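Below you'll find a set of structures to go through.
In what comes next, chain A is part of two complexes: it sits with chain B in the first one and with chain C in the second one.
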Partner chain A sequence: MKTYIPHKFEVNINDKCIKCLVCVKQCSFSALSFDEDDATIYPDNNKCVACHRCTTLCPTKSINIVKNPIVYHPNEYWKANVIEDIYKQAETGGILLSGTGNDKDYPVYFDRILLDASQVTNPSIDPLREPMELRTYLGKKSDRLQFKENKKSTTTIKTKSEPQVKLETPIMFAAMSLGAISYNAHQALARTAEEHGTLYNTGEGGLHKSLYKYGKNTIVQVASGRYGVHHEYLNAGSVVEIKIGQGAKPGIGGHLPGEKINAEISQTRMIPEGTDALSPAPHHDIYSIEDLAQLVYAIKEATFYKKLVSVKIAAVHNVAAIASGIARAGADIVTIDGFRGGTGAAPTVIRDNVGIPIEMAIAAVDDRLRKESIRNNVSLVASGGIRNSVDVVKAIALGADAVYIGTSALISIGCTMCQKCYTGKCAWGIATTNPQLAKRLNPEIAYKRLSNLLRAWSLEIKEILGAMGLNAIESLKSNRLRLRGVGLSAEELKILGIKQAGG
Partner chain B sequence: MLKPPYAEKDISGCAVVGIMNISGNNFGSEKIVNAIKCMRDRSNGLGGGFAAYGIYPEHKDLYAFHMMYLDTNRRYDAEDFLKKKFNIAASERIPTAKVNSISESPVLWRYFLSVENKPPLMSEEDFVVQTVIYINANIDGAFVASSGKNMGVFKGVGYPEDIARFYKLQDYEAYIWLSHGRFPTNTVGWWGGAHPFNILDWSVVHNGELSSYGTNARYLEMYGYKCELMTDTEVVAYTMDLLMRRHKLPLNLVAKVIAAPLWKEIDNLEPKERRILTRLRQTYSSLLLNGPFSFIIANQDQMIGITDRIRLRPLIYASNKDMFYISTEEAAIRTIESDLKNIKIPRGGEPVVAQLLTSDIRHQTSSSREGATN
Partner chain C sequence: MKKKLKAYKIKANGLHFKELNNLIKKAVNDGHNSLNIVGVIGQRYIGTGLNKKIKINIKGTAGADLGAFMDGPNIVLKGNAQDAVGNTMNSGSITVHGSASDVCGIAARSGRIFIKGNVGYRAGIHMKEYQDFKPTLIIGGEAYDFLGEYMAGGILAVLNLNSKEQYLPSTYIGTGMHGGVIYIRGNVHQSQLGQEVSSLKLDSKDEELLYPRLKEFANTFKLDFDKIIKERFIKLLPLSHRPYGRLYAY
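And now, the complex of A and B:
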C-alpha cells in the first residue's frame, strides 16, 4: 500500500563526497544506495531515521540530515504527528510501536526546580580541597542500634544486621536485558559498574556466563517471563530485582521477537533459538500484595538472606500507597520508574500516556514512607529520564537514595535517540543482536565512554554539594529545603514538598 | 513575639559559652554573664539566654516548666491543658526586673509538675517530650522554654547581659551555666527562638547553621519530633534526645553520628571498630549534622562541646581544678579565669566533656573525655 506519510528527514550529500561508501554500508535502515552506473549515492528519505551513523563516520563530513520542511495546513489540534499516526494505522492495521521513552511535551519538573547554595552564614566547601563523600548504602536500616558492653568493656552491636550494598556513587545502570541490548553493551556496563563501585542491572534476559565475574556489581532481575532465572543466577549478584512494571509501559509485558533470539540469547534466556520471548503483563504468581511478599521471601530463602531484594514498579497514580505496601512486603529497595523511562519496544499509546513524572512520584513516596515511619525499611531508587548530574541531585533531594540511568548510559555510547530500538536494526550496535551490527560497538570504547560519564557526573555532584555547604551525599537526602520551584502551581509545589523561589 | 516571624528556616550566628563545676557545687551567675558579655560583638541584641542547672533544689524531682505566653488569656488556656496532664505542685510568675533595652516581654511563668495522666505504655519522659512538642505546635501564644528537672532556661530578645538582669539571674546559683548571644540574619527577634533550646534535661546553645537541616528534620519527624521552630538548635536538641535518651547510645558514639568520620577513615580502622562505625553511619546517616556548627549541650550530669567534622566554627575548652569552661572564644574564658591549667582546641567532630564526678554514667564517657583533653 502506498504510504501517505511524508518522509521526516532529508539526506543531503554535497560535492565533497569521495564515494568511499562508508555511509551506504553503515546505514542499517537501508536508506542509502549506490548506483554504480552513474557513481551516485541515492538516499531513500523515507527510510532515514536520523540515527547519525552516516554523518558521524563520513570522512569528509559531506553527508547531512535535515528535517523535511513540509507543512500541513496549520492546525493546533490535528497536528502532523496525529495525522501521521492515523495514516500509519490505516496502512498497517497494527499497534504503533516505539523505542526509548515518552517524548511528548509534558512539564519537566526537574527543569522547574532550582538548587540552593551557601552564602555567608554557612561556608561553601571546595571539593578540590576538602573531602566530599558520595558513598551510599542500599538496604534496610534499623530504626535504632542497640549496643552491649562486654566483660572487657568492649562494645558490640546487639541489633541484628541487615545486608547492605555499597555504592561509591549514587548512580546505577538501569535494567536493560541482554537481547534488548547487545553483549558488548552489557559487558561495558558491567565493567563500568565495577570500576566505579556501583551496580548494573541484567534486565530480564538472564546473565551471560562470562559476566558472572562482575557479580558484586550486578543486579539480577526477575521479571514476569522468568527468563534465565535459576539458583545460580539468583545468587550471582548483590541485589535481586523483581520487576513488576516499567515506566515506559506500565501494565504491559515484553516481547523480544524470535529473530533476536540467537544461540547466545537462547542460552542465557533458557528458551529455544528463534522463539519469541513473551513476558506476560503481570507476574502470574503475583495477583496481590501478599503474593509479592511470598515471592520476596522465596527469593530471600533462595539467596540465604544475603542479597537485597528490590521491587521495581512504574510510577502510576497511586504509587505512594503501592510503595508503602512493597516496603511492608519485605523488600529492601523500592525502585520507582517514572513516565519518561526508556524501553526497547512499547506500544506508543502506552509509552506516551501512562504513568506520572518521577519527580512527583519520588516526593510522594518518600513522604508516605516517612509518614508511616517505614522509610528506614527500604531504600528508594529513582529511575526514568535522569538526564544529567543535576537531575540526580534533585531526585536525591526529593527523597531518593540513588538513581538508575538507562537512556543516558546508552546515549553516552552512541545512541542518538532515533527511537527505532524495536526494529533490531540499531545502527550503533546497541539495541540489536545482529552480529554485523553488534560488533560496531567496541566494548573497550563503550566502557571508557560510560566510565567517563559516571566520573563527570560524580564530579559535578561533588561540586554541587560543595556549593551547598555539604560534604556527604547523605545530607542531601530528602533535604527539600535546598530546592525551590519556579513556575509551578501551589499544588505542584505542595506535592513536591518544596517552596516557591523567593520564599 | 514567641514563635518564628517567618515561615522560613532561622539563620543566625552566635557566641556560646558553658561553665560547669564538676563537683556539683553551685556558683552564681557572675562568671557566665561576664564571659558572654566579652563576646558582645558576636550578637546583635536579637536574642540572648541562659540555662542553669541546680537552681531548684527544693523541687528537684519535679519537672520545672518555664513558660512564655503572649498574654494572660493564653496562660489560662495552657494551664487548663497542663492540669489535664500533670499535677501542678507549685507555680508562680518568673521574677523579672525592669531593663530599659527590653521593652516588650511575654508573660513568663513557671510550674513544678509531676506526671499524672500518661498512657500506661509510654515512659514518663516520652510523655513530657510529647506534651512540650504539642504545646509548642498547637497552643497558640504559648511556648515551653524549658521542661527539665532542677533546671531552667531564661531567654529572650536582647543582649545576653541585659537578659540576665531582666531575669534577675544574680539571685540564682547553679553548677552548670550555659549562655548564648545571638546574631540572626533577619531583623526580627522572637523570644522562643533565642537559645538555649531545651527539651527535658537537655539544653543546647548552638553556633552555626545546619546545611543538612531538611534531612535531619525529616528523619526526626519519623520518631515523633516536630521541628516547628525551624531552628537548627531544635534539631540538635531532638537529635541528642533521640540518640542519648531514647536510643541510649554512649556519648562517644553519638559524636560519631553527628560528626561522622569520613568513610575513608572508617575503612582504615581495625575490623571491630570499623564494623561498629560502618553500621552506625549506615543506620544514622540522616543525623549527620552537616555544615558549620559548634555547640554546647548539657544535662544534669555533663556538659559537652563539639564542632562539625571539618571544624568550620570555633570552640575552645579549658579547665582549672573542678571548673570546666567551653567557649566560642578564648578571651571569654580568660576574662573570668586567669589561672587556667589547660586550654585545648578540640579537633573537628571530637567531643569535649565535663562530667559530674558523682555521676554513675561517668565511665561511659571517660574515653572521649581523655581523647579531648589530651
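And now, the complex of A and C:
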C-alpha cells in the first residue's frame, strides 16, 4: 500500500563529501545508498529517523539533517502528528508503538521549582575545601535505637539493623534489560556502578553469566514474565526488585518480539530462541496488596533475608495509597516511575496519556508515608525523566532517597532520542540485539562516558548542597523548605508541599 | 554398611512461617538430607529458595508458595496446598496427596508437580521450557478456569479422575498459550478454549511424552495406569508461538 505519510526529515549532503561511504555503511535504517554509476550518495528521506549516526561519523561534516518543511493546511486541532498517526494506522491496522519516554507538552514541574541558597545568616559551604557527603543508605530504618553501656565506658548500639545498601552517590541506573539494550551497554552500566559505588538494574531479562561479578552493585528484577529468575539470580545482587509497573506504560505488560531473542538473549531469559517473550500486564500471583506481601516474603525467604526487596510501580493517580500498601507489604524500597519514564517500546497512546508527573508523585508519597509514621520503613526511589543533577537535587528535596536514571545514561553513551528503540535497528548499538550493530558500542568508551556523567553530576550536587549550606545529601531529603515554586497554582504548590517564590 | 541417616523431624504447630523456615534452613545447612515436617497449619514458603537435593515430607496443610523458586528438593505433602505451588521453580519435585489452590505451577521452568486432587484457577500459568528444562504438571482431579494461560512450555495434564462428567468445568483454557502442550483426559467443548489453542488427537509421540509421566503419577498415588489411559485424551496445542505478533504498527 502506498503510504500517505510524508518524510519527516531531509538529508542534505554537500560537495565536501569525499564518498568514503561511512554514512552508507553506518545507516542501519537504509536511508542512504551509493550509486556506482554516477558515484553519488542518494538519501531516501522516507527512511531517515534523524539518529545522527551519519552526521556524527562523517569525516568532512558534509551531511546535514533538517526537518521536512512540508506544511498541512494550518489547523491547531488536526496537527501533523495527528494526521500522520491516522495514516499509519490506516496502512497497518496496528497499535502505534513508540520508543523512549512521553515527549508531549505537559508541564515540567522540575522547571518550575527553584532552589534556595544560604546568604549571611546561614553560611554556604565550599565543597572544594570542606567534606561533602553524597553517601546514603537504602533499606528499612529502625523506629528507635537502643544502646548498651559497656564496662569501659563505651557505648554500643544494641538495635539490630535491617540490611542496608550503601550508595556513594544517590544516582542509580534504571532497569533496562539485556535484550532491550545490548550486552556492551549492560556491561558498561555494571562497571560504572561498581566504580561509583552505586547500583545498576538488570531489568526483566536475566543476568549474563559474565556480569555476576558485579553482584554487589546489581539490582536483579523479577517481573511478571519471571524470565531468567532462579535461585542463583535472586541471590546475585544486593536488591531484588519486583516490577509491577513502568512509568512509560503503567498497567501494560511487555512483548519482546521473537526476532530479538537470539542465542545470547535466549540464555539469560531462559527461553527458546525466536519465541516471543511475553510479560503479562499483571503478575498472576499478585491481585492485591496481600498477594504482593506474599511475593515480597517469598523473595525474602529465597534470599535468606539478606537482600533488600524493592517494589517498582508507575506513578498513577492513587500512588500515595499504593505506596503505603507496598510499605506495609514488607518491601524495603518503594520505587516510583513517573510518566516521563523511558521505554524501549510502548503503545504510544499509553505512553503519552497515562500516569502522573514524578514530582507530584514523590511529594504525595513522601507526605503520606510521613503522616502514617511509616516513612522510615521504606526508602523511596524516584525515576522517570531525571535529566540532570538539578532534577536529582529537586527529587531528593521533594522526598526521594535516591533516583534512577535510564534515558540520561543512554544519551551519555550515544542515544540521540530518535525513538526507534522498538525496531531493534539502533544505529548506536544501544537498543539492539543485532551483533553487527551492538558491536558499535565500545564498552570501554561507554564506561568512560557513563563514569564521567556520574562524576559530573555528583560534583554539581556537591556544589548545590554547598550553596544551600548543607554538607550531606541526607540533610536535603524531603527538605521542601529549601524549594520554591514559580508559575504554579495554589493547588499545585499544596501537593508539592512547597511555597510560592517570595513567600 | 553405612547407617542410614534418620529423617530430621520438625514440629510446625504454632510456628510462624519464618520460624519454621529458619528451622528447615538450619537443618539443611547442618547436612540433613531428609526432613519430616509435621503439624503444618498453613505456613507459607516451605522449601522456598532451597537448592539442595533433599527430601521434605510434610503432614498438614501447606501455605502459599510451597517450593517457590526452589532448585532441587523433593517435597511430598500429605495434605492440601494453598496458592502458587512450585512458583517459578527450577528443578525438583512436589507431590501433593490432596488438592492445591490457584496458580499452581506458575512460571515453573522445570521439575515436576503432581497433584492428586483438584486445583484452582490458572494452573500452569506461564510455565516455560528451555533446552533441557521442561516442567511437568499433572493434576489428578479437576482444574478451573484459565488452565495453562500464557503457557510458554512444558507439559500439563489434567486427568479428571474423580468426576463423572466427561467435560472439565474450566473455561478460557490455554488463553494466550504460545508453547508447550496440555493433555486433558476426557474432552472439552470448543467454547471452553481460549482462542489461541486448538484441540487435537494424540499420536504416538504424545504417548512417548505422556505415558512415562502418567505411569510415575499412577505409581506415586497407587492408581491403575491402564485404567487412566483407557479413557480418551485430547491435547491442546498453541496455534502460534507468536500469538501477539501482529498487534503493532512498525
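What we mean here is this: the second predicted complex is superposed on the first by the 498 of 503 C-alpha atoms of A that agree within 3 Å, B and C clash if a C-alpha of one lies under 4 Å from a C-alpha of the other, contacts with A are read in each partner's own complex, and residues count from 1 in each chain.
Everything below uses one rule, namely that contacts are C-beta pairs under 8 Å (C-beta built on N, C-alpha and C of every residue); 3 or more make two chains touch, one makes a residue touch a chain.
The model shown is predicted, which means the values in this text are computed figures rather than measured ones.
On the shared subunit chain A, the superposed partners chain B and chain C are arranged side by side without overlap.
In the superposed model, A:D126 lies in contact with neither chain B nor chain C. Judged by the touch definition given at the top, the superposed model places A:T303 against chain C, while chain B stays out of reach.
Look at A:F147: by the touch rule set out above, it reaches chain B but stays clear of chain C. Of the two partner chains placed by the overlay, only chain C lies in contact with A:P272; chain B stays clear of it.
Contacts of A:Q89 after superposition: chain C is touched, whereas chain B is not reached.
By the touch criterion defined above, A:R375 reaches chain B but does not reach chain C.
Applying the stated contact rule after C-alpha superposition, one finds that A:E290 touches neither chain B nor chain C.
With the two structures overlaid on their shared chain A, chain B and chain C come no closer than 25 Å at the level of C-alpha atoms.
Of all the residues in chain A, the ones that touch chain B in their complex are 118, 120-123, 125, 130-131, 133, 135, 137, 139, 141-142, 144-147, 154-157, 161, 164, 370, 373, 375-376, 397, 468-472, 474-482, 503.
Chain contact summary for the complex, chain C toward chain A: residues 17-18, 21, 25, 44-45, 48-49, 51, 64-65, 68-71, 83-84, 87-88, 90, 103, 106-107, 109, 122, 125-126, 128-131, 133, 149-150, 152-153, 176, 178-179, 241-250.
Chain B meets chain A in the complex at residues 7-9, 11-13, 185, 208-209, 211-215, 218, 221-223, 246-250, 253, 260, 262-264, 272, 275-276, 279-280, 282-286, 288, 290-292, 309-310, 312. Of all the residues in chain A, the ones that touch chain C in their complex are 88-89, 91-97, 225-226, 229-231, 234, 255, 257-258, 266, 270-272, 274-276, 278, 280, 284-285, 294, 297-299, 301-304, 347, 422-423.
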